[in-house]
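Below you'll find the structures, each written out as structure tokens.
Next come two complexes built around chain A: one with chain B, the other with chain C.
Moving on to the complex of A and B:
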């Protein structure tokens, strides 16, 4: 018997995984968020209480932490977009062999693991680190630059470094798929290279840009290790707070409420960014073309 | 096109629009175009005809500015094009795959070159309408390319290329992706458009029927060189060598030796496997030269006093039958009104006033 699937049926495995791995735990969080904690018995007490949600909305620290995550994520995504775009477009001009080498080089840092990278950055940026030592040796500075390590600067430098490959890959694939004859047609019709970029290349790479922004925003806004190990006193994140509340503080209802709030807000922002990008004609044209 | 009469009136240009000298292009060790000299007159429909890989598209791309010649020069309107980027050449191109911008509507595609030059919106709208009218696509302005058929996309590509009033329009096999009927329609439309606009068209194709239907001048190319440049009728009736005779139409080429005539006489006697034939001959052939006799199907008819032939194959072509018959080891083709039986013997008469003796290469 031949196996014939409708295209929609091919989505069934993924749908099952999404329900089991995402929707179900979320439902559990919703339920936990209205429970109460009996600290004496050290147990969760089933109840229908709004206590954790009241705390969530009244204590400004939670809104601050979520806002900070959004700004971090958005800032990182924007910087990654600006820095990644030229890298991605120049990769399309490489000979095929060098494209392979380029994509391997791009991804190599991801194989080293986050902790290794973070300690590597400490070596590079610390008071006695490579950068400060080099600057001292060249006589540019007398005292080590303190802001290099344990500051928002460090956090975002490393967030950018960690997430740039995802942005570059997404834009690169998108740019790679543009028919080169469209660029020739634009030039033929009087477009200087810069006109061809803004009128043809940029519109047709918005899908890649959208995927990159979505990915980098989610990864950067949700990162906990980088800010807490490299951000010093500025390294507080909603993730660390959630970790604390679930663990040490044993306040599962509040942890659940914070998790849900963070999720909804990050999701809203990410959807907003992507919606704006996909409103461009270029993105619509690319997605319409779908071959399958 | 407002500029055309002025340029035509200028006697210093004497009707010559483009002239290339020693044009050469190598791809690695392959010589795609081999020191080609070329003149393209104003307002004419010139077609480059040749098998794939003969260099015709490369020449077009060098004129458009997408490829840089390794040697030689191109002069357009009296100005050298060397170092001039594509966007500053008064030349537009209709691409083989149309290359319409998928993210722009038909209007946006056609208006593309005007919007780069900051024309007023009213002016743009009027000119887009005129260009779309010229290709019978006026009502499709709001559509996106993917909503159009191949023929419609082709028309939009033409409108987009003529709107800026180029001095020269380059067309790279623009009809090759279309079915036969649509191709026939668009050939007539293109020819008509070219006459109305008075723009010189340079057209690239490997389809000889298309070349003959459209062109004032056909340039036959082979292996990076121009083999013959002449009016369609001359190319057909007086092919410059065996390659042209073979590439154009279904000629049978029979090698032989000139035994009489030749030179400037215009006629020669050639000794071939099917006997001695007295036919019109390419200039420059002399007694003793090796040459080929090109016989086309329409030069052959059945006649009792003709060569002794055996029918080998009969193919029904719709209106008539294409018959292959063997004469002394040589296969001759001709068209018959009635199906003939393979194996039968017939007499074949060669029209020796129309068959042509040409050079081997």
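Moving on to the complex of A and C:
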């Protein structure tokens, strides 16, 4: 008997990996979050305790850190969208060879390790770094601009730099798929370039924009190294707190509760952003292959 | 084939047995020959040149795994995420936690000939023993954690209050470590040095207030001593509660100073220990290694390069007066002004406060 093979079956290995690599650890976190810790014996004690969840909801530090991650992720995604969009659309107009060169140049920063990039930023933005030295040399400043390094500005500048390629690539692929005849038709019917952009190009690239927003939001909100090593005293993140609770404090229940809360809230916000973007007519047209 | 007296089954069985003995033989010899040991220690204790002689003598490669904090080391052992560590580095005052949790292998001091030359204060310390008197760790290196500063930017020698002084805003750094940072705030709040690691909720609240007020004055919290050295070298930081490494590394290039605050000097003593799960073969190499750490070669190397003293007097009399002063062994009474950081019973409260300070 011949085996009937459906395309959907190709997803089975990935589904298994997701279950093993994501759902099971999450289930473990749920269980750990209701356990207790015996700090005298340094052991996790199986229990059904709401202690860590009470701490989660009553200590404002956790809400503050999660809120900070959401704002940081959303701000970075928004800026990446504004800056990345023109770059992505410009790339569609390049000759094929230059598109290849452009994509390589775009991804070049990602080929270096994160820690290398972090120390490079310190050299560029430090008190005795390139930017301050240049500004001093031109007589623009007398004292170094301290806010350039170890501040929220630094954190978000570097988060934007690190994640911009993900936004540009997603929009670029979406823009490449636009049927150019639609733009020509709009122009033939009297639309100004700006109208053609807002009525044809932008709506049809919203799926790419949505993917970019989802990716950049998740990466920026979940980053730990950049805020920790470049954000100075403002570099506290929920990720660092989770690391501290799991490692140093041996408080696995609270760490689990914080991890789950962070996951749920980030997922809710990311889904909200993407849902809003995909409700635009253009996105619906792309998914329905032309039909609104 | 029947006439030969060996059946096909016997031939096959012989081949299988031969293959099996060869395989298990090579396995057992691989197990016996330890070619590599992983030593979890501080980046300042484990420079490759310090241990080159040991590797040459034994043919065993010592792979270094650098620690970020004592707490992280304990947690890694406790949670089993450090299963590749063969030798570890608990502090003298933190050893009790490892011993109590049953994480360490008992140490037979008779297997360590160089232990005879240890200073009495370290040889007889009860802090590495369990309740029944069994020993689980061996002190091998000690020193003090000073305030390191740029002499050209400070008119007088700083003390702990300098780290909280608005005048030096943007030039200061503290270690991202609850135990020492909260203790320093406690000293500034007026808690006596013999009580600072016993602070209760009210005193901790005072310390927290100071640390929250200190936060805008800091350039950053430093994570590793290499990170702090880099911050001094690039002019980001002029004064920090530190280890002595930035002073030693940069003193020839910058006007570096090292202050020992009168309010209390943070002393430290590192111990050698082996995880309870270590194999007998690796334990034997571990004994050779701790004997090396207490011997003349390691003491000479680390005194000359790192400016640290081992717990052994083995090379003390061969050092010049200046060399003795540099590593604080000219007058052993210096230890009388030491505070030995020790994780208190209410340490989880300390950690909670530190997290709140950083998130404030």
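FYI, the second predicted complex is superposed on the first by the 285 of 292 C-alpha atoms of A that agree within 3 Å, B and C clash if a C-alpha of one lies under 4 Å from a C-alpha of the other, contacts with A are read in each partner's own complex, and residues count from 1 in each chain.
Definition applied: contacts are C-beta pairs under 8 Å (C-beta built on N, C-alpha and C of every residue); 3 or more make two chains touch, one makes a residue touch a chain.
Given the structure is predicted, the values throughout are model-derived calculations rather than measurements.
When both complexes are superposed on chain A, chain B and chain C fit side by side without a clash.
The superposition places the C-alpha centres of chain B and chain C at an angle of 150 degrees about the C-alpha centre of chain A, rounded in steps of 10.
In the superposition on chain A, A:286 makes contact with chain B only, while chain C stays out of contact range.
Of the two partner chains placed by superposition, only chain B is touched by A:204; chain C is not. Using the contact criterion defined above for the overlaid structures, shared-chain residue A:158 touches neither chain B nor chain C, since it reaches no partner. In the superposition on chain A, contact of A:106 is made with neither chain B nor chain C. In the superposition on chain A, A:216 makes contact with neither chain B nor chain C.
By the touch criterion defined above, A:181 reaches chain B but does not reach chain C. Judged by the touch definition given at the top, the superposed model places A:270 against neither chain B nor chain C.
Superposing the two structures on chain A brings chain B to within 46 Å of chain C, judged by their nearest Cα atoms. Chain A residues in contact with chain B (one complex) as well as with chain C (other complex) do not exist. The touching residues of chain A, counted against chain C in their complex, run 39, 41-42, 61, 64-65, 119, 122-123, 126-129, 146, 149-150, 228-229, 232-233, 235-236, 241, 244, 246-251.
Residues 64-66, 85-87, 91-93, 95, 97, 99-104, 112-113, 116-117, 144, 146, 160-161, 164 of chain B are the ones touching chain A in the complex. Interface residues of chain A facing chain B in the complex, by the touch rule stated above, are 179, 181-182, 184-192, 195, 199-200, 203-204, 280-282, 284-286, 288-289.
Chain C makes touch with chain A in their complex at residues 69, 71-72, 74-76, 78-79, 97, 100-101, 170, 178, 215-216, 218-221, 223, 227, 230, 234-236, 348, 351-352, 355-356, 358-359.
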